[in-house]
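In the two complexes that follow, subunit A is the common piece, with subunit B as its partner first and subunit C second.
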Partner chain A sequence: MITKEVFELQIRETLLPALRRWSLCQKVSLSDDKAVVTAVVKHLSLPYYTLEIQVEYSNIYQEPQLIFKVWKVQVEQDIEVKQVYFPPDLSRLLNLQDFVIRLDYLHNLNRDLWYSVHGCDTNSIVGSQLEHYLERWASIYLTIFDPEFSRVFID
Partner chain B sequence: MAETYMKFVTPCQSFIDTSFFQELARLKLDVLKLDSSTKELTSYIDTRQIPKGSACAHLFLSDQSFDSTIYNEVGVPIRGFLYNYNTIGQFKEIDKTAFLHQRALEAFQRGRENPNSCVEFSVISFADLKTYKFFYWVCVPCFQTESLHLTNLASGPLQNWNKFNDWFENHPGIWSCLSNDSGELLEFSRDHTANCTSLVIRDTSKIEMVPSAFTKNFVSLLKDFRPELEKVRLVLARAEEKSSFWIDVKLASKMGSLSSSLKVTGWERNSQNKLTPRATDLSSLIDPLQIADQSLDLNLKLMKWRVAPEIDLDVIKKTKVLLLGAGTLGCYVARVLLAWGVREITFVDNGTVSYSNPVRQPLFTFESCGKPKAAAAAESLRQVFPLVHARGVELRVPMIGHPVTIEEKEHQDFETLVELVRTHDVVFLLMDSRETRWLPTVLGCAENKVVINAALGFDSYLVMRHGMYNTLDEYRLGCYFCQDVVAPSDSLTDRTLDQMCTVTRPGVALMAASQSVELLISVLQHPDRNTNDASAQTFLGDLPHQIRGFLNEFKTLQLRSPSFEHCSACSSSVVEQFKSKGWEFVVNALNNYKYIEDLCGLTDVQAQAEQAISEVFDEWEEELDDAVLL
Partner chain C sequence: MDEVRDRVWRGSLNVRVSVCPELLLTELSESQDTNLGFVNIIVPRDCYLALYLPNIIQKLESQLRISVSDYYSGWWFEIEGARMPWNFPVGALYDSSTGLNPSNRSSLHQENSVHVWHLMLRHGQHIPNGVIPLKNGIDQIREFWMHQWKQACYILNGSAKQVMSLSKPDTLTFWQSVIHRDLTKFEPIRQKIIPMPNAVRFIPLRIHVALPDVRLVEPICKAVDNERDVELGDVLAREFPEWFEANEESSNIAKPVIQGIEVPLSALVWEVYQQLSSFDGFLHISLCLQAENQTV
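Take a look at the complex of A and B:
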C-alpha cells in the first residue's frame, strides 16, 4: 500500500518522467490537482489502435488505480474517425497476463466507461516498500501495454 | 558547412479530450444554438512534457479550453478560435486553403502589433448531436512572407542555455525574445529589433536540430520589422539543455514580392499523414442512459433555437404529474408528457389490464393482461425512457354517492390520495365516470393544484383546466361540475356493459389526451401558471379554459365558463368544509350525495327551479283556462 501523499510525489518524480521516456507514449499530462496522470499511447504493433491510460489513487485499496480505454481509428469517406473500441477479446490486443481486467469503471468526470485493472493483489505483487513503489508498480502493470515497459527505467 | 534551406517540424500536435466535445455539445444545444460566429478558445503548450514518442509539443484541448479565465500554470498559453458550423455540408464545403490563409494573415497582422500573438490555432467543427459524432480539423497557421528565403548558414548546440531558460521561466507566457549586441534579452517587439543580434524562440520541436514551424512566424515578423536585416542568429531554447541549439540564418529577400503576401502551412495531418479532417465518435463511449437523456432534451431544446426561444423547458421538466386513471387517456397522456420532458409521472388506478385494453391503451401489450394497470403503465413508461420516475399506485378513488363499505380500506385510500395530490404539481382527471372525478376536484381546490380534466364521449371530447380556487369572491374559472345543478352520484350500479364502458371512437382519446397535455404546457408557460383569465395568451398562443372537440363535424371549439357559487365540487362551502372536516366530510358525501347538495346550496337551487317551473306551469294553466273561457 502507498499513501496518497507518497503516490502524488512519486507520480511527479518517477512516473511522469518514465512515461515521457516511453517510446510508445504520444502524450502525457498531469491533472490540475496533480493527482491523475493521463497518457495516450500507441499500440505496440497495430497502428489503428491507441490507448488512453489513466493512473490515479484508489482511496479504497490505497494503491494506484490503472484504467484505460482503447481507441480505434478508421477512415470513412476521407475522414479519419476515432471511436472507443470494446474488443470482443481484449487478450488479442493487449498483454493481459493474469491481471483481472473488467469493463466496469464509470469515470466520475465524464461518466464514460473505462476498463479497470483490479488492484486487489497489488500489495503482494509490488511489495510494501515505499521507496521506488511506483517504479515497481509501473514496471509490472504497464507491461499490459508494452512487455518491455520496464526498459524506460534502465535506458 | 554548406548552405541549406531550412526545414521545420510541425509546431504541435493536437489532443482533444472527450470533455471538449461534451462541452461543445452542451454549448451548441443550450447557448450557441444556430449562432455560428467565431468563439475564442484557450489552450496551453507545455514544452517540458514532450514524450519520447512525439516529434513536437502538444496542443491539449478540453472542456476548460472554452473558459479563458482558467489559468493553467503548466505551459505557454495559446489563443485559439472555434468555427463551429451548423451543417456537415458547411463544414465540408469551406475552402480550407482560403480559410488557413486568412487565419495566417490575421496572425501576421496581430503579430505586427505584438509578436507574441502570431502563435495561435483554429478549430473548424461540426457537432452532430444526434449521433454524438464530432467532426473537426485543427490548424495552427505557420507563415512566411513570399519574399523571404531562409537559408541555414551554420548551427550548433546551445552553450549558455541557462540564460535563455531562466528568461523564459521568468516570462511564462512569452514565446520569443531578442538578444541585443550587449547580450541583453528583451521581449520581442518592433522597438527592440534595432540592435538585435539573435532571435530567441521557445521551441516546441523535439527533432534534433530542426526547429518548429512557429520559427517561420517570428522570423517573418523580424524581417518585416527590419527589412534590411540579412542575417540573424536563431536560438532555439528547449526544455532540455542538450537538445537546444542555435542556427545562423540568411534572410534573403526576393525583389518585387509583396511583403504581406504569405506562404502558409498549418492544417494538421491525420494519423496516416494525410491532410483530411477528423471525427470523434462518442456514441459508444457515453452511458446509453445519458445519451437517452440528452437525446430527449435535444429534440425539445431545438425548439429554443428558432421556433420558440422563450419556452421554459425546465419548468416542464420539473413538474410532477399525477395521472388519475391509467386507461386509454392515462396511457396517451403519459406518452405526450414524456415527449415534453416531464420526468416524474405517477399513475393511479385500481384495475387490471384486460384483454381488450392493449389495442387502445398504448402502454400495454398482450403480456400486460392481468397485471395491475397503474404498475404496468409505470413499468412500460420506464421501458420507453429509463430515466423517468414513473410510479404506479393501486388505489380506488372514493366516489361520491357510492356508500362506504370497508371504511378502513377506503379511509386509507383517501389518505393516500391526499398525499399524492399534495406531492404533485398537476393532477390529470382521466377516469371513466363523473363521480370518480369529484373528490380529486375538491382536493385540487383545497391543495391549490393545477387540475386538467379530459373526458370522452362517443365522438366528442372535453378538455379543460379547472379554475384556480380562492375564497375571495373574485371571478374565477369553473370546474368540471360547475355546469351541473345536481351533485354527481352513482352512475355505475345496474348499468349495462355499454353504459359502464367508455364507448368512443378510438381516435378521440388520442386527440383529447394530446390536447390536455398541450393545454398543461401552455398553462406552465404563463407567468401566473393557471390564470383565471380565460382570454389569456402565452407565446405559444391561446390559453383556453375548455376545449370541446366534435369528431362528427371534425370541429373544435374553445369555451369558457365561470365558477358556479353553488358548485358541488369547487364552491367555497364545499372546499372549506372539506378542509375543516377531512375524512368525515368525505364519508358523508360518499354515503349520500344529497349531503353535498344541501351543503353547497344546490338543494335550494333545485327547489327554486322547481318553484319557478311550478309557477310557469301555473301561469300556463291560468292562460289556458282564460283561453277556454274566452
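Take a look at the complex of A and C:
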C-alpha cells in the first residue's frame, strides 16, 4: 500500500521521468492536480495500434490504479480514422501474463469505457516498502505493454 | 432473519420497458394499437436490470424488426434519452435518476394507480459511453458481480481473501441466491465476508449523484473515527460540503436515499451498511435534491 502523498511524489520523481525515457512513449502528461499520469504509447510491433495508459491513485485499494484503452487506425472510405478498439482477444495484442484485466472501468470524467488492471493483490506483488514503490510497481505492471519496460530504470 | 434485510431484499420497482421505435416492425410502429411495443415487469430493487434482458426481449421479440441472436450483446436501456448503466443495483439507479424524495413519491401513489418507471430498450453495434458492453451474457454479469464482492471485501477487510477462499459450492450458492432471490441462502455467505465491527477497515460506499452531472463518488469511510462512530452526515458533509452541513440537517439541500428509504444523517454508517447494503457488497447512496419549498 502507498499513501496518496507518497504516490504523487513518486509520480513526479520516478514515473514521469521513466515514461519520458521509454522508447515506445509518444506523449506523456500530468493532470492539473498532479495526481493522474496519462501516456500515449506505440504498440511494440503493430504500427496501427496505440495505447492510452493512465495511472492514478485508487482510494479504494490505496494502490496505483492502471487503466488503458487500445486505439486502432483504420481506413474508412480512403480516410485514416483512429478509433477506440476493443479486440476480441486482448491476449493477442498485449502481454497479459496473470494480471486480471477487465473491460469494466467507467471513467468518472466522461463515463467512457477503459480496461482496468485489477489491483487486489498489488501489495503482495509489489511489496510494502515505500521507497522505490512506483519504480517496482511500474517495472511489473507496465510489462503488459512492453516486456522490457524495466530497462528504463537501468539504461 | 432480520426484518429490515428481508424487506430490503423484497423491495421492487414497477417498470415499463418500451422498445425504441426504430426497432419495431414498420406495421407496428405505425399502428394505433397502444398495447404494442412495451412490456411491464416488476424487478427487485437489489439486482442488475440486465439480468432481466432475456425475459424482456423474449416478450417483445415477435414485434422487432431485427432477428435476435443474443439476449445481452448490443442491448441497453435509456431513461429519458440518457443511457442507463447496468452495473449498479437498479434501485440505486432509480433513486438517483428520478431524484424523487421517497416522501413525495408516496404522495404520487393513489388508491387506483401505481408508480411506473419508464425505460426504453435500445439495440445497436455501438454501445454508448457509460454502458459496459455485454459480450459474454450472464457469465459476464456473474463475474462482474463477483468482482464487486472482491472489491467490497478488500475495502472491509484489507484483503479479498474472504471472497477468494469461498468454497466452490458457496460461490455457486451465493450467485444462485441472487438469481433465485433467496435471502436465506444469500445471508449466511454474506456474513462470511463481513468482518466483526472492531475489525472493519473501511466501509464500501458508493454515492450516486445525477445532478448537475451523473457521477459516482467512492469515499473512504471508516466505521469509527477518533473514537466516535461515523455518521452518514459526516461522510456527506465531507464529500459534498456545498449540499450538506455537518450537524445541521435543516439547511441541507439534498437527502440521502438508500434502497428507496430516506435515511437520517445521524444514522451510523456501519449500522446502515449492515442493514441496507446491496447484493454487490456496497452501500449505494443516492442523493436526491430537495426543491426549495422542501427545505426547512
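FYI, the second predicted complex is superposed on the first by the 155 of 155 C-alpha atoms of A that agree within 3 Å, B and C clash if a C-alpha of one lies under 4 Å from a C-alpha of the other, contacts with A are read in each partner's own complex, and residues count from 1 in each chain.
Following the convention adopted for this analysis, contacts are C-beta pairs under 8 Å (C-beta built on N, C-alpha and C of every residue); 3 or more make two chains touch, one makes a residue touch a chain.
Bear in mind the structure is a predicted one, so any value in this text is a computation, not a measurement.
Quick one: subunit B and subunit C on subunit A, clash or fit?
Taken together on subunit A, subunit C would clash with subunit B, as the superposition shows.
Pick one for A:T3: touches subunit B only (first), subunit C only (second), both, or neither.
A:T3: touches no partner chain.
Counting only touches as set out at the top, which of subunit B and subunit C does A:D104 meet: first, second, both, neither?
The answer is second: A:D104 touches subunit C but not subunit B.
For A:S91, is the partner it touches subunit B (first), subunit C (second), both, or none of the two (neither)?
A:S91 contacts neither subunit B nor subunit C.
So, does A:C25 touch the first partner subunit B, the second partner subunit C, both, or neither?
first
May I ask you to decide whether A:Y61 touches subunit B, subunit C, both, or neither, giving the answer as first, second, both or neither?
Once the two structures are laid over each other on A, A:Y61 reaches subunit C alone.
Should A:P47 be classified as contacting the first partner (subunit B), the second (subunit C), both, or neither?
first
Just checking: does A:D112 make contact with subunit B only, subunit C only, both, or neither of them? Give me first, second, both or neither.
In the superposed model, A:D112 contacts both subunit B and subunit C.
Just subunit B (first), just subunit C (second), both, or neither: which does A:C120 touch?
After superposing on A, A:C120 lies in contact with subunit C but is clear of subunit B.
Using the touch criterion from the header, give the chain among subunit B and subunit C with more contacted residues in subunit A.
Looking at subunit B versus subunit C, the one contacting more residues of subunit A is B.
Looking at A:Q83, would you say it contacts subunit B, subunit C, both, or neither? Reply first, second, both or neither.
first
Between 45-53, 243-251, 387-395 or 513-521, which run of subunit B pushes into subunit C after the superposition?
Among 45-53, 243-251, 387-395 or 513-521, only one stretch of subunit B overlaps subunit C, namely 387-395.
Shared contact residues on subunit A for subunit B and subunit C?
86, 106, 110-113
If we count contacts the way the header does, which residues on subunit B are in touch with subunit A in the complex?
13, 15, 18-19, 22, 46, 49-54, 58, 60, 72, 74, 133, 135, 270-272, 274, 276-287, 290
Would you tell me which residues of subunit C are touching subunit A in their complex?
85, 87, 129-133, 143-144, 147, 150-151, 154-155, 160, 214-216, 218-220
Can you list the subunit A residues touching subunit B in their complex?
16, 19-30, 32, 39-42, 47-48, 69, 73, 75-76, 78-86, 106, 109-113
What does subunit A use to touch subunit C in their complex?
Of all residues in subunit A, those touching subunit C are 59-61, 86, 102-104, 106, 108, 110-113, 118, 120-121.
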